[in-house]
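Per-chain residue numbering starts at 1, and chain names A, B, C and D are given in the order in which the chains are listed.
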Amino acid sequence: MNLKKIAGFAAAEEIQDGQIIGLGTGSTTHYFIEKVGMRMKEEEINVMGIPTSYQSFLLAKEWKIPVTTLEEHDVDIAVDGADEIDPNFNLIKGGGAAHTLEKIVDYSAEKLIIIADDSKIVNKLGKFPVPLEIISESRKPVFSALEDMGANPKIRMAQYKDGPVISDNGNFIVDADFREIDNPIQLEKDLNSIPGVVENGIFSQMVDQVILGTSDGVEVLK
Amino acid sequence: MNLKKIAGFAAAEEIQDGQIIGLGTGSTTHYFIEKVGMRMKEEEINVMGIPTSYQSFLLAKEWKIPVTTLEEHDVDIAVDGADEIDPNFNLIKGGGAAHTLEKIVDYSAEKLIIIADDSKIVNKLGKFPVPLEIISESRKPVFSALEDMGANPKIRMAQYKDGPVISDNGNFIVDADFREIDNPIQLEKDLNSIPGVVENGIFSQMVDQVILGTSDGVEVLK
Amino acid sequence: MNLKKIAGFAAAEEIQDGQIIGLGTGSTTHYFIEKVGMRMKEEEINVMGIPTSYQSFLLAKEWKIPVTTLEEHDVDIAVDGADEIDPNFNLIKGGGAAHTLEKIVDYSAEKLIIIADDSKIVNKLGKFPVPLEIISESRKPVFSALEDMGANPKIRMAQYKDGPVISDNGNFIVDADFREIDNPIQLEKDLNSIPGVVENGIFSQMVDQVILGTSDGVEVLK
Amino acid sequence: MNLKKIAGFAAAEEIQDGQIIGLGTGSTTHYFIEKVGMRMKEEEINVMGIPTSYQSFLLAKEWKIPVTTLEEHDVDIAVDGADEIDPNFNLIKGGGAAHTLEKIVDYSAEKLIIIADDSKIVNKLGKFPVPLEIISESRKPVFSALEDMGANPKIRMAQYKDGPVISDNGNFIVDADFREIDNPIQLEKDLNSIPGVVENGIFSQMVDQVILGTSDGVEVLK
């Protein structure tokens, strides 16, 4: 049983005719976008998507979901994945290096739904390293700042290209291992105050609903 | 009498043989870089520069100051300009659209000297709009957030190219007019917490020394 | 009498209901976009635009022209300006630093209409410098190559930002003064073969129609 | 026996005190950079490197090779790898997505040495797909143009980030499979004439020397 598919498909059922949808990035939102495309065809609903990455843009096109922009439309509902979800619905995101545009779109949405398989639920954030998108020139001072904050930072190296992963915005991705994060709300602010950090992968105080894929089916947390 | 030149030249006298220098951007640091180049030639001192923009890079080259990077060297001393300076040495910078890399370099410096003509001294920051470098897709939600904070934001339009000014990092510049800023330390953090803001032009709690050009000559504030 | 407006408005009359339009960049296409927006409102025609720059994107939004992408739709008709037009409809474009995306969109269009005031007609291209978008690191070897080809290159410096103009794609703009261009078709190819040149501002063998604004009204060249 | 190491180390022996070196990108040049660093330490030669990617920049730093720029210095000798080498020393490069800056640096070098294991020698180029760096908006028209030229193009997808590989310059990489390339010199020019193509991975008529690692040791081709 594909737990990601269960969550993604369930979220797609929440979408209503006429809505503007924030299209998250990753393997779980993949199923969400697919199912929205299927519903457009089968039920003849009309929606438009605002992608959070080249990946979700290309996927929207494949499923014939018309694409629009934050300039032209407000987001009614955004659906996105997560790498870790704590009991207060604080998240770590950015395994896919798309968290900057994800945060721009997700935070501007009237409603934000997070979809995941149930392995993503944790008591405390921090086992998954926090991704940061950084200006390349700041690599060294950013590492110093992160180490002062107790993290172990690594620059993310690419496959299929030599050297570091480059984000859709042309920047480096740093994975900062904090092991345990006591105060994600504060950490999200502190990380963005480091010069050179474009955006970090902690998403706090934003989520309206979590839809989990479990071996017993869909579970909805509010 | 050229007050910018007075300040720039005075700061260049602070530089010592062997130092790594953060090279600020703008019309005042222009004189600083020029004078460092002259001292290298005349006094045969050896220094290296870390530019904060394409402008200061090209200028360093013109004056034959060898250029290096934050990866290779720590900054002993950074010298940069400002658009406004308050009595606590908090600044507004970014009229030149280079504040992101300026902040990366300036904040990593062992010592930061600000140079300016004395018209830049203000009692309270905010008459000069705060520049923000932003990811282009975030334009609309960033404007909403700024308006909620009491600012009047404008996208900076270019000359010699159609449409918006693009920063050296490939991003938009927003000028946010706050009129009066009560708490620049807090505002610097708050602005960086808006999704899509790469970096803002408030520099607080960083400056070691201010060198002013006045009609009576050089004035040094510590 | 505003000759640019005459040309821009005339081109807008060519647009038909249901078309996908390439939206050029500049002061003349400004009028074209404006008039298309007016026709959408008054005549209730439906079209979609594919912008060639942030400028034309923001303008389309202002006039409520829905925006789409080359991924989603083919371009039925593109309307763009020019800095020089020769008798064979070869062009120099790029005064607005947008020629790379303009060329991508214009060349993919089923039909390309160029609009201009009649001062843009020349016997031979080359009085207007050819703009090149280049990777910043290639500045010096690109200048050498251009000088070997008989040109006088200058890096375009910005206003409202310190240092060089940065294009919407994050690159430098070089203006190469050739004075007289004997073979624009060959030159277009040769310039793109210089390592570091992203795209150059010669547009050859592409134009279907030229609509001129003259003091006697509209003149159409085919 | 590590054939890449044999070639890389042999090339490093060609380097002379005082030279400015173009530092290629990839697994073979990795050994070259390593050995240059060792020679600097052991033989106390002084050289400077001009990197062709973030990868070679970070590697140079690791081996304490001072880094400089094309603005400041001309390249005496560039050493780079290749994915295919034909009998006329035409190459396909770009498996590492760094071919744009490689071409800028390599073509500006007084002398260009290619290093490879001997499996890279082919009778005819084309079994390895030709990488192209492209402006993302041009994906679809570039694919059409490539298909018209007989190629089978694919967008290179990333690992460790969702969606496409992004180059150090912030662009997409397309791998165009031509199977057999009859005229690489012409194809290099033709590919760069497609609007949206920043640079392609065919390097023709540039190589001065090839150093191969073989099971019998070093083989030098001139």
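A few remarks follow.
By definition in this document, a contact is a pair of C-beta atoms (placed from the backbone, for glycine too) under 8 Å apart; a residue touches a chain by one contact, two chains touch by 3 or more.
Note that the structure is a prediction, hence the values are computed from the model and not measured.
The set of chains in contact with subunit A as well as subunit B comprises C, D. Listing every chain that touches subunit A and subunit D alike gives B, C. Residues touching across the subunit C and subunit D pair largely coincide in numbering: over half of the numbers involved belong to both copies. Between the CA-based centres of subunit A and subunit C the separation comes to 37 Å, rounded to the whole angstrom. Once the centre of each chain is set as its mean CA position, subunit C and subunit D turn out to be 33 Å apart. Those residues of subunit C in touch with two or more other chains are numbered 58, 69, 71, 169-170. Per the touch definition, subunit A reaches subunit C in the complex via residues 57-58, 61, 66-69, 71-72, 170. Of all the residues in subunit A, the ones that touch subunit D in their complex are 25-27, 53-56, 58, 96-98, 136, 156-170, 172-173.
Against subunit A, in their complex, subunit B makes its touches with residues 69-71, 100-101, 103-105, 107-108, 135, 137-141, 144, 169-170, 188-189, 192-193, 195-196, 198-199.
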